């Protein structure tokens, strides 16, 4: 969807997922650190949450794919235009394929937490995989376009590749800081989608930014860094908020439930450590 | 072999190996997880299977090398044409060299499982090595060809490099998911060989695809992703099938044999852990 | 600040930090190795030192940012020149952004050693992060400049990327040698900033070096290596000096204090191991 | 030294070191595996051997540096030609710098095994470092030369970078197979230096190979792979020979000495494990 909405939609999806992930990772870490084994931090709940997360990701992917195919003027599932003898709207199909791999990672998420015969690390690798495929597609997405257009998409490829790499490193050596960095890169990707929308399809209906001006490139370079700085600060504030909540507020709420949950959890824990 | 068959042959080899590897890795993982120490999952059998696998790889490499050299119009082991004063069919020699390194990794496979003084991790590194050499050769394989031709081979280099890297990561930190990803990339390589055949040497005898059309490039980008998606789904189905077999069907078959195998296995296990 | 002073200031900052880091890392290592648990090597002191280090980094970053903005002819916090309808001194803003991320890593340093709910590894990743952002900015810093100018900045990008990578590796597997290598690369970055100043803005007021002379490039290649060799030798001498001090001179000084510190340290140690 | 001898000298150095390293690594591994704690595999001897190895590397580096400076027509330690107002033979200085870093790694080798306050892993990182510097220098070594000349040096950069990376991986996770791969890449580098000599400065005094012929590039691609295959086979034969010697021949020789060495070794071992 080569318009503002087509960039705002995935941007919002990624920002939403980023906030959710940073909350989830911090919650898990804080609960473990302060030994709050209340219902909110229990494994039984997390299992259900992971399944829900998978379903939400699948939903987002389906919305994205449907949006790409069935917007007015979209390809409507036609890949080849036999009348005109040319491929039919390949950019839309590119976006569809990208959404499809995120959907696949959502499916992996759901399956992993339903069937215990699947290794849990699959979810991380599936996500990393989806990001690498996205980076590959965006890298081959801008043949023959203008310098500015190419540059903003290159920055997108940079942040997506970084996200995939961090997911891969985290797959090998799990760490709360890496997970938060991962979340912040996803947030950066989300806001950068919005920025691309503003640059290429200004909301006031005016023309796109001057595509051949070196100064625009130079500005977008630091603009990208500022987006990143903001994403780091938001992740930090979210971390502080969640940790403070777990540390101080949940004390009263949790203590009474420990007894009830202990048995159910122990069973699951022994399964998870495998 | 610059024709359809020359790409279909290695494509079939890689698809076959991919299916076999994903079956083997899943079988090993499932047998370990469900503690099925029957003959099918025993180390004695796996040793013999690994040796057989090595011999099959060597056989495939020999068939490939012979095919490259002795097809009608092939180089027939002549490297330099002294009459014409030029190198003789270097592309055929490129393919030969590629096959040779796979043969070498097959030899490593056989030796590793015959002589216990060789470390077992050699097999993984030898395979990773063969893929890196293949990527190097294909990277230097398309000097002065058309854009489309270069692009489809670049995608091949991409997937081969990825395979080599995953084999290297797996060498450092073994993991069932990495092994399955590795198998799926090998499958992708196999089907992509077929795709290259269809693109450059269409079966109906028509001309190759238009080499300078940007839309063809854009289509092959997503086509590559779809091949990958299919390979992931096939690996997933294979994993589900094998796990289901091990979990439910082998129960009856295995229980009686455990007693006989226990002693033989224990000895080997202690050797392996070294 | 496109002049000699603008390169000498960050150069001095990095050289200073490099010397301090190599001293700190060696001190920690030597104290651990020779089991000198005197006040100088105690964890209580190191906590305070780390907080001080963070404050100094924040101070440096603020000085740098203020210098970039408020030097005569600087941007004075104006990003867009609405009269001339163009961006206002983006190079200065580039430098500002770079300093900002180092300031952010200083903040992470301070927070980590005040609040124990933050993981200690955050400081390393924040530093690695600051270097990667710096590398990204310098990579996009030289659009349309001369060959020599681009080359000296490319070398800077090389050493900065290397520093970030080593910080990342060290984050995954801590090691004294990696830390010293990291310090030496920071020193190299510092002296290379000075070298860039000498090359592009000679002190005697003469013109910059001939920008299109291949021999200048060739010389700067080895010059870079010599800077590196010197940095390695300085790190080595510093290591020898600190180790010798800890080994021989501190014996007398430390023995009396061990009793007093033991209790305070034990508490902290148990917290750190988490 | 832009002639045949200038490439044969480092080529011989690298081949010699490669053979020695593969022998050393295999010897260490086999002695450990077959628990041959005779004098040949003892740590006391290995310490002395490592020091000797360091001295030999320093010697080679000094020979190389002297050769570069004081051959007839060499720079004779003059960096800048003030008469002609140009840099004096920078290619010779490039080679000198390269040798200097190998000398530095030799110094690290010697110091590490004399002073126990130095971590042993320093030797590996110093070697990795020397290779990375060499790769950097060769990468910036061929400005404005012919295609063939650039290509053969690019292949050199490829193998050197690979060697550096493997030394870095081995630094993080030591493994006999990685060490042998490392040795084989060093051997490949050595023989490739010889190949470059044959290509650019043919021994029969004839002209260099045609620099603009694509077929020469294509041939050198597979030629490089064949060098690599030979290096792998040589390493394999060497491994087999050394393992066979340790396994069968040293039995008689070693048994009598074990008693004498036990005490001396135990002390050292406890120091090493630190």
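Going by the order they are written in, the chains are A, B, C and D; count residues from 1 in each one.
Assume a contact is a pair of C-beta atoms (placed from the backbone, for glycine too) under 8 Å apart; a residue touches a chain by one contact, two chains touch by 3 or more.
Just so we're clear, the structure is a prediction, and the values are computed from it rather than from any experiment.
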If a chain touches subunit B and subunit D alike, it appears here: none
Count of contact steps on the shortest path from subunit B to subunit C: 2
Degree value of the rotation bringing subunit A onto subunit C, based on Cα positions, nearest 5: 90
Numbering shared by both copies at the subunit D-subunit C contact, with half separating same from different: different
Separation of subunit A from subunit B, taking each centre as the mean of its C-alpha atoms, in whole Å: 32
Whole-Å separation of chain centres (CA-atom averages), subunit A against subunit D: 45
Numbers and ranges of subunit B residues touching at least 2 other chains: none
Pairwise chain contacts, counting only pairs that touch as defined: A-B, A-C, B-D, C-D
Subunit D-facing residues of subunit B, complex: 86-87, 90-91, 93-94, 97, 100-101, 104, 117, 119, 121-122, 125, 129, 133, 136-137, 140-141, 143-144, 172, 274
Residues of subunit A defined as touching subunit C within the complex: 30, 33, 158, 169, 173, 175-178, 181, 214-219, 221-222, 225-226, 228-229, 232, 243, 247
